[in-house]
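Note that chain A is present in both complexes that follow, paired respectively with chain B and with chain C.
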Partner chain A sequence: MFSIGELFDWLTDAENWTGRYGLANLFVEHLTLTLVSLAIAGLLAIPIGVAIGQSGRGETLVIAISSASRAIPTMGLMFALVMFMGVEFRQFAVVLALVGIAIPPVLAGAYAGIKSIPIVIREGARAQGMTTLQQIRHVGLPLSASSIAGGFKIAYLQVVSTVVLAPLVGLGGLGFGVIQGLALRDFAQLTGSAVVIVLLSITGERLLAKAQGKLDRRLTQSKINR
Partner chain B sequence: MTKPIKKSIKSAIALSAVAVLGLAGCAESSSEPLVIGSQAYYSNEIVAEVYAQVLEDAGYSVDRQFALGQRDVYVPALLAGEIDIFPEYTGNLLQYFDPEATATAEEDVYQALQAALPAGLTALALSGASDQDSYNVTSDFAMKNSLTSIGDLAGVTGIRLGGAPELAERPYGPTGLLSSYGVTVEFEATGDTTVESLVAGLIDMANVYSADPRIQQLGLVTLTDPQGLFLSSNLVPIASDAVNQEARDLISAVSSAMTAADLVALNVRSVDEQLSSAVIARDWLLSKGLID
Partner chain C sequence: MEWAAKNFDFVLELSVTHLLISLVPLVLGSVLAFALVRLTPLKLAGTIGTTFSAIYAIPSLAVFVALPAVIGTSYLGPTNVVIALSIYVAAAMFFSIRDAFSQVSKPTVFIARAQGLSPLQLFVHVELPLAIPGLIAGLRVAAASTVSMASIGAIVGVRNLGYLFLDGFQRKIPEEILTGLFAIFIIGIALDLGLWALGKVLTPWTRRSAQRV
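The block that comes next holds the complex of A and B.
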């Protein structure tokens, strides 16, 4: 009924890559939705996570948010927000839902990063007369960068896979080919789109893991050079 | 530690023996109940409930197996004789059995379906009620462009058509609109927010199921389809060989009595008044004098 050859043919057919609902356009839409959501989540969650880690106040909030996030039905959240805000603002509503999904892991990463800095280092920074902002900038952020990257890695995977649902509320993204292929029983399109989604997920995850590893190495090297 | 387990195994064996005896007793005492199935679609369930009540009123025992999901799931059960009666839609069912079918008009589809049904299944009387794809516009848009039929759109430019992603490739989608009516549209995949998008003005024309209560509630205008672009999909009861002639006649009578307006009204009651399908079905049967 369906072979790897058909999948290959579908993926290499230029016609499937062009046009409003072609793979190229859908890929850009998918990546844009993902990156915009991650950026907003980072802008919100990193300062909060760092502040909580630094001050030690509101730690229960981090735990509450990251456990609550496991229980959020992402598809339901997306639909509810689109219906609540109106279809005219569906782009905004979907990004909001995605930001909601991305915040918990980024927040947990930032908080855990600061928290894992040995107390002697943090106290040492303070003893040198650094202000709180200087402590964060010169000690906290560099030492927790790897943990923050780890948070982004988890958030990226969750967001990139949730964006697949966006066509259900009238937005684009690579989920279009999955939903259309399923309805039309076009298994080449369905699998082809799924392959692109998987590649996008794995590539992004690998890149973030690499960044995390690099930051980790820099951390250990700086210890040795001391 | 082992004793209570042994005991419970013993009682389980005893219980199952009783159950087997009980089942055997049932089979002897009364005839098998007729199994009525329905899709996991509220409108379909109401129709199935109508069939169930009319049979119960005539003294049949009925087993309701509602919300069975998609055709891929329940058609094999129908063929296996696990379900006896199912409310179906001519066009969609025809496409299931014969994807190459070309008939689109009401009668043609009904006849093609009868020919396409596998042995053991029969299509009973066709209902005038249909639940099929249709193109809808807002009343403002219809008035502004004086639209009644899909063909009236031929002179209008920049029409944005919204629907599920698969509409882009369906024969009645943008390609069919151009070849049958000379209408050029730009397709927007609006998914599950199609009706909302139409009302919000993000699209000009929307593909909505014809029995959707929102067409009435929002005052949408359904464009007529004189060229038969859409596959007709009327309600039709499908019966297995286990259903006797008297029961078939009863269901056929109900099917013929249900008009397009009736089906929409049943759906509206379900969505607006949140009534159970049992209440809606009973009220309708009473109003038609089909039960008393």
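The block that comes next holds the complex of A and C.
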């Protein structure tokens, strides 16, 4: 067993924060992998989700993808992709797996956002003579922004927790200290790394929830001003 | 599929462990969530909700390895995994149980009370049956994510289907990883279908009214 004091000592030791496998570098790696995957997923899933919501075609696809994605273990998906694409392409394979994990919630968020816009507003925009692109740009996207942010929040949680497993396939990220700590029975390193992971995930979740709340409030305020 | 056929008994053994390590947390977590929803005063509900959504944000591997430091269990083995998964289930089910019961229409509850039903009768005969569709929907979501999350327990030494991912990767047997993915998918689907059927059995009136229409 080890004590809270040991954990504190490990976390405050500058040596554990510097170097290739120092917490600072692992943190940056973890965040970079997460943000890159989320950005790619957003670029792919938002247009598709908006298009499906706007046209009303392919709705069963969204539902099927989002329910099937819950049943697929992210760990197995990552391992399988790295295995099949070859260990030399593991960086690419891991990002691909993470994008695959992030797409369903973002897609569902974009689709649900468009779908939840009252029919009066959507038809009103059309009746004013807006083109489809104008409808999306001036009506669809602003009104579904908070739903899209909600999709990103779920995607962020899933991706951050899958990146924790990346060291198992030879990449970095904050999971490194957990995996190494388990192997070496270094419980201070193990718990210290877990603490940093917890801080990263909860801070990110809070920030995205705040963003979602802000977008929500902007919506309700614009209703009052009208 | 040669690998799967050759190691069928082993995969079956891992599947049974996997199913158990998912079912126990589902039951424990739901009971915990139910107790929290019904027994805590309204004032505390917001705090519990915030705490649970924060817990839900923590990656499972971090919870598996942080629990021993908090409650003094051993680092390896199924105890941490079962406790951690139960907390995740409780976190998810807290919201779905609360919503399922708040969706029971108020007039129905008032009428039942006016008919002289005791609080227990009201709960057993009116509130619970009417909340079942919401409860089942919540359980289906929780079951799917628990079954896939349980595989991460293999990293801390639980012999479940996640072991096939680790072992298959180390020994470079793609078939082993695919077998694991497939078996977990099947367990997930089976649980989902089971819960769906349970929901249908427990709410016979939805079927009857559908027939009449």
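Here is the rule we go by: the second predicted complex is superposed on the first by the 226 of 226 C-alpha atoms of A that agree within 3 Å, B and C clash if a C-alpha of one lies under 4 Å from a C-alpha of the other, contacts with A are read in each partner's own complex, and residues count from 1 in each chain.
As a convention for this text, contacts are C-beta pairs under 8 Å (C-beta built on N, C-alpha and C of every residue); 3 or more make two chains touch, one makes a residue touch a chain.
On a predicted model such as this, the values are computed, not experimentally measured, just so you know.
When the shared chain is aligned, chain B comes close enough to touch A:184, but chain C does not. Touching more residues of chain A than its counterpart among chain B and chain C is C. Once chain A of one complex is fitted onto chain A of the other, the partner contacts of A:167 are limited to chain B, with no touch recorded for chain C. Shared-chain residue A:103: touches no atom of chain B or chain C. In the superposed model, A:82 lies in contact with both chain B and chain C.
Shared-chain residue A:21: touches chain B; no touch with chain C. By the touch criterion defined above, A:90 lies against chain B but remains apart from chain C after alignment on the C-alpha atoms of chain A. When the shared chain is aligned, chain C comes close enough to touch A:197, but chain B does not. Taken together, the two structures place residues 79, 82-83, 168-169, 179 of chain A in contact with chain B in one case and with chain C in the other.
Chain contact summary for the complex, chain A toward chain C: residues 1-2, 4, 7, 67, 70-77, 79-80, 82-84, 157, 160-161, 164-165, 168-169, 175, 178-179, 181-182, 185, 187, 190-191, 194-195, 197-198, 201-202, 204-206, 209. In the complex of the two chains, the chain B residues touching chain A come out as 162, 164-166, 168-170, 187-194, 196-197, 200, 202.
Here chain C touches chain A in the complex through residues 53-54, 56-62, 65-66, 68-69, 72, 75-76, 141, 144-145, 147-149, 151-152, 155-156, 162, 165-166, 168-169, 172, 174, 177-178, 180-181, 184-185, 188-189, 192, going by the rule given at the top.
Here chain A touches chain B in the complex through residues 20-21, 79, 82-83, 86-88, 90, 167-170, 172, 176, 179-180, 183-184, 186, going by the rule given at the top.
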